[in-house]
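Common to both upcoming complexes is chain A, partnered first by chain B, then by chain C.
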Partner chain A sequence: MGLRAYVVRRVLQLIVTFWAFFTILFVLFRMMPGDPTSMFIMDGMTPEQREQRIAELGLNEPLHVQYVEYARQLLRGDFGQSFIYRDPVIDIIAVRFMNTIVLMGTALLFAYLIGITFGAIMGWWRDSRFERGGIIVTLVARSSPEFWVGIVLLSVFVFWLGWFPSSGMRTTGGELGGNFAARYGSVDFLRHLFLPALTGAIAYLATPTLLMRSTMLDVLNADFIEIKKAEGLPERTVLFKHAARNSVLPLVTVMAIATGSAMGGSVVIETVFNWPGMGREMVNAVNNNDYPLAMAAFFLMGSVVIIMNFVADLAYVYLDPRVEYE
Partner chain B sequence: MTLLDINGLKTYYRADNGWVRATDDVSLSIDRGETVGLVGESGSGKTTLAKSIIRLLSDNAEIVDGSINFDGTEVTELSDKELRKQIRWSEISMIPQNAMNGFDPVYTVGQQIVQVIRHHEDGTSKKEARERARSLFDELGIEPDRVDDYPHQFSGGMAQRAMIALALALSPSLVLADEPTTALDVVIQDRILDTIKEMQEELNSAMIMITHDMSVVSETCDRIAVVYGGRIVEIADTETIITNPRHPYTLGLRNAFPDINDDDQELISIPGTPPELVDPGEGCRFAPRCPFAEQECWEETPEAESYGDGHAVECHRADEIDHLQEEAGKKETWTEQDLGRPEDSQSDQPEEVMLDD
Partner chain C sequence: MSTERTSPTDRTETDGGTLEFIRSKLEIFEGDRLGQIGLGILCSFILIGIFARPYTIDFLNLTIPGLAPHDPAERAVGGRLESPSGAHPLGTTHMGRDVLSQLIAGTRVTLIVGSLAAFMAVFIGTNVGLISAYFGGWVDDVLMRITDIVYGVPFLPFAIVLVAILGSSIVNIIVAIVLILWRSTARVIRAQVLSHKQRPYVESAQAIGASHTRIMYRHILPNVLPLTFLYAAFAVAWAVIAEASLSFLGFGDPNMLSWGEMIYNVYTANAIREAWWWVFPPGICIMLFVMSVFFIGRTLEKEVNPELQHQ
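So, the complex of A and B:
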């Protein structure tokens, strides 16, 4: 089977995955105890008012009608209206979603770039002080809770050294640029981004580092490494072009999966650094039974994971010629 | 004309309980264009000997003594950089046992040949290097277009041919072939050996053929060195080793391989296992498995004795050749011997050595 057929098949699988994901999401939310009016009972809502509100929101319809209606909306790219804010969900969530993506994307990028490089060198210098020290540092980073790392970074770099701003995404009163580049490319933004992204990077560093190290140890035993050395190639070429290049393959899949946990785990970092991301919004939406908002949030985050896996599969074909399209 | 002159080489591995003497006081010299076979069991040190020549040793290995003179250059004294530039692949290349694993799986075979050519020859363009890879393929009987294939797309025999192309890409003066045909079936084995011979004669490269297969060496080699316990116990031209060996171990090896002309031949294996090479102590290392071991063999390491025409043997009883050859052909000579040191001799080795296995 050719590459094209493979891609087509993977795209079809992608669509099925999306459908299954959406359905499970829908059912899960309707199965949760409570409904959007639970929050207002304290305000002295009468049962009639409550019924009326439920009817307004369309929640008195049979489930399958709600399901079809929601699916139709989603296909049009419409996430509906928030029950609580009474604004279109897309307005509430789009910017926050981008903020989270930028934050966690940066964190993951650094974690994987640093992790892969250091893991490769740790494997290459097996039994060295560098390797032993590296493992300890990695495990400490891995075991430290994100909120604690965040607070330590804050107290050192903000309150003690005063190098970075303490919270938020940009200085108050700063110009909010209209386009993407102005919004996420300004020096002010990058200064705000640095500490929360570093916190995330520290938390996610261990997986790529340790995995890279252990696959390196495997790959370094392969005959071709010895042949490459015998060919008289410089160490750096053998290390990066051959050993690390082969060891990086399993990390592609792991990185796709890590994106998911990073998306979900962003809430802690967003809280510590007061980052206007989606994590906190999502938690509030679930607590309020704000179905459209919560579902949209979950849907977007889940989509990131599904799409990352898709990208990883395609990247794998490019990175490893042995992959069969079957 | 001597190409490689190894003298008193000792390559040891560090282990928890001391030095493993994988190559212990080995001397060997090889002429230009000559093929020398290193024959011995697994763990006898033949691969360590070959890898010492290009210093391709693991981190726990060390050349503790001896000299390796390659074409006037003392290999043991070169810096890593000089070694990579002057010796590795441009002068000495190798063919590994399993070619499929000898190529990096994520690059095409052509890319890997081009890489090594361009690394050693500044100024060679990618296109020229690629053309050379294609013509090498052609000479070795592989479709030239297959340079763009990945290693996993080759069959075992084809991969081995591609590996030979890689090994000969820079016309080295010495090729180290480490059991180059062991992973292949017998029919292909034969063709690959023929190909290696042809190419080698064309380039006038010398070769060290490492194998435990007597039939492979007898077909390809000018001379054979029999390696046991980290030492060359017997070396001579191929004819002599096959027809007139003097070392009991060589006699035993010969028994263990079938002769295609002799239907009734019974294969006789050498009982016991190769020796521990940590602190082997005095005495002949083959003595524990040797049916002809005498008191002297246990106490004194035999020196190499010359028997003319480059035939050297490390055995105290090599003079008794007629007796040995006759006895060694009988099965009961090997099966009915007592393994290990006889009771009556003074033991300076603790008994639990035997329990280690």
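So, the complex of A and C:
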């Protein structure tokens, strides 16, 4: 199979996956207990008004009609209206989505930077005390659930040392900048970002570190490393320029898996730090039976994971000419 | 059939004794410090879990005392938010409940979720991988596309939604975890079986007319079993972390207090800043438990993949 055929096949697969994911989403949320109007009953809604509301939402239609209608809405980027906020879901979720991407993107970036460096050095100094200690540290980091890392950081750096603000994304009453740079570039924002991003970085550090270490071990056995050493290049040059660069490739594939766990992790980390992101919004929405909002959040998280899987597969065949398309 | 390998199960039957079998399995921990530490921690947790609460044997009129000094749910056994003292080594909660007792009782939930979820996930994953690789063709295609789809579903958000639908009980939490967790085992076992399928021992079994089921479960499975155990260890770790995260978010079983739920309670009681004795012990326990499983996993990994062993 050539590259073109592979890409076509992979795109078809992407579409099927999306459709299946959408169907799971639809079935799950139609099974949800408590109907969406239960939140309004407290407002003194009469049974007639309730019927009317259900009709408005299209919930009295047969299921297959609802399914097609919902699919059509999604394709238009219309997620419906939030029951709680009474605003279009898309307006609420778009901001939250950006906040989550900024937070988890930073966390993953840190995790990969630290993991690659650390893993490369661990592979280079094989059997050293540094390597053994490094493995233990990595395994301990991997063993800690995100919320636990968050709580420890919170206790040490906020409650004890008082270096960072405890929660939220910016100090209340702080300037809300209009453009992207002003929103996400201010010192106040970065101070709020640091701890939650560090939490994510610690939680996701293990996979790149251990993988980098083991591919380094493979690469270091290769002949060209011996040649580079024989050429008399300084150790640092051989390590970072030749060995490490050739070990980075497999990390591309686990990037997709890392993004997947980061999407799940955002739920927990955002709850610990009160970060106004998609994950925390989803937990609140589920607790409040706010289906449209919860569905949209879930859909976006799944989409990120599915698309990242797709990108990782394509990047891999593009980056490594030796890969055969199965 | 000289090329046919004897499966591990055959070996035990000839060597005799389950004890001997266990001992031969434990040999891989020899000279592996981390693995031994992991095994030690895990065994301690299992013992604590078993003897957490008192047992009453009616016909002997005997009560075996539990390790937990108080009923974990009993209110006001001490003052509110008392810091650690002789009477309450880990202090009390905002309701005056004994933290140490809650911690000991919580071990059970972790053990139940960890073992059951991991067993079910690995059971499904191994079967999917085995069937997929052995039969190939459209069977493989269908099963692997399903696996791909499951890979597209974010784990924790899915578990949250499912538990919200089915209700917060320990069974539903396990189901939610298993529905996602089997995917990694399926992929890995499939790859391994694909390589075994080509080997002479499978061909010879086919030549003497062994049935598909027999070849799959009697000949191939024993050879991929070490890998299955490795993924079972990982599955225990992920299941425990997932349960803790779900409970921390408030979706835990209200009738079975787990470590994650304890931390959720600290959070909702707004006591995280002052009550360090209430926050830290459950967190440390989760970490230690998962760590022990990863340490054991590392030892198994060396066994499965000898290249990792230090030369």
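The rule we apply is simple: the second predicted complex is superposed on the first by the 271 of 326 C-alpha atoms of A that agree within 3 Å, B and C clash if a C-alpha of one lies under 4 Å from a C-alpha of the other, contacts with A are read in each partner's own complex, and residues count from 1 in each chain.
The rule we apply is simple: contacts are C-beta pairs under 8 Å (C-beta built on N, C-alpha and C of every residue); 3 or more make two chains touch, one makes a residue touch a chain.
Only a predicted model underlies this, so the values are computations on that prediction, with no experimental measurement involved.
With the two structures aligned on chain A, chain B fits next to chain C without clashing.
Judged by the touch definition given at the top, the superposed model places A:260 against chain C, while chain B stays out of reach. In the superposed pair of complexes, A:246 makes contact with chain B only, with no contact to chain C.
Once chain A of one complex is fitted onto chain A of the other, the partner contacts of A:86 are absent, as it touches neither chain B nor chain C.
Once the two complexes are laid over each other on the shared chain, residue contacts for A:64 go to neither chain B nor chain C. In the superposed model, A:319 makes contact with chain B only, not with chain C. Of the two partner chains placed by superposition, A:76 touches none, neither chain B nor chain C. In the superposition on chain A, A:222 contacts chain B only, with no contact to chain C. In the superposition on chain A, no contact is made by A:236 with either chain B or chain C. Residue by residue along chain A, chain B and chain C are tallied for touches, and C comes out ahead. With chain A used as the common frame, chain B approaches chain C to a shortest CA-CA distance of 10 Å.
Touching of chain A by both chain B and chain C, each in its own complex, is seen for no residue at all. Chain contact summary for the complex, chain A toward chain C: residues 13, 16-17, 20-21, 24, 28-29, 31-33, 126-127, 135-136, 139-140, 142-148, 151-152, 154-155, 159, 214, 260-261, 263-265, 267-268, 271, 279, 282-283, 286-287, 294, 297-298, 301-302, 305-306, 309.
Per the touch definition, chain C reaches chain A in the complex via residues 34, 145, 148-149, 151-158, 160-162, 164-165, 167, 237, 241, 244-245, 248-250, 260, 263, 272-273, 276, 279, 283, 286-288, 290-291, 294-295, 298, 308, 310.
Touching chain B in their complex are the following residues of chain A: 222-224, 226-234, 237, 242, 245-246, 319-322. Considering their complex, residues 54, 56, 83-85, 87-90, 93-94, 96-98, 101-106, 108, 115-116, 119-120, 150, 152, 166 of chain B touch chain A.
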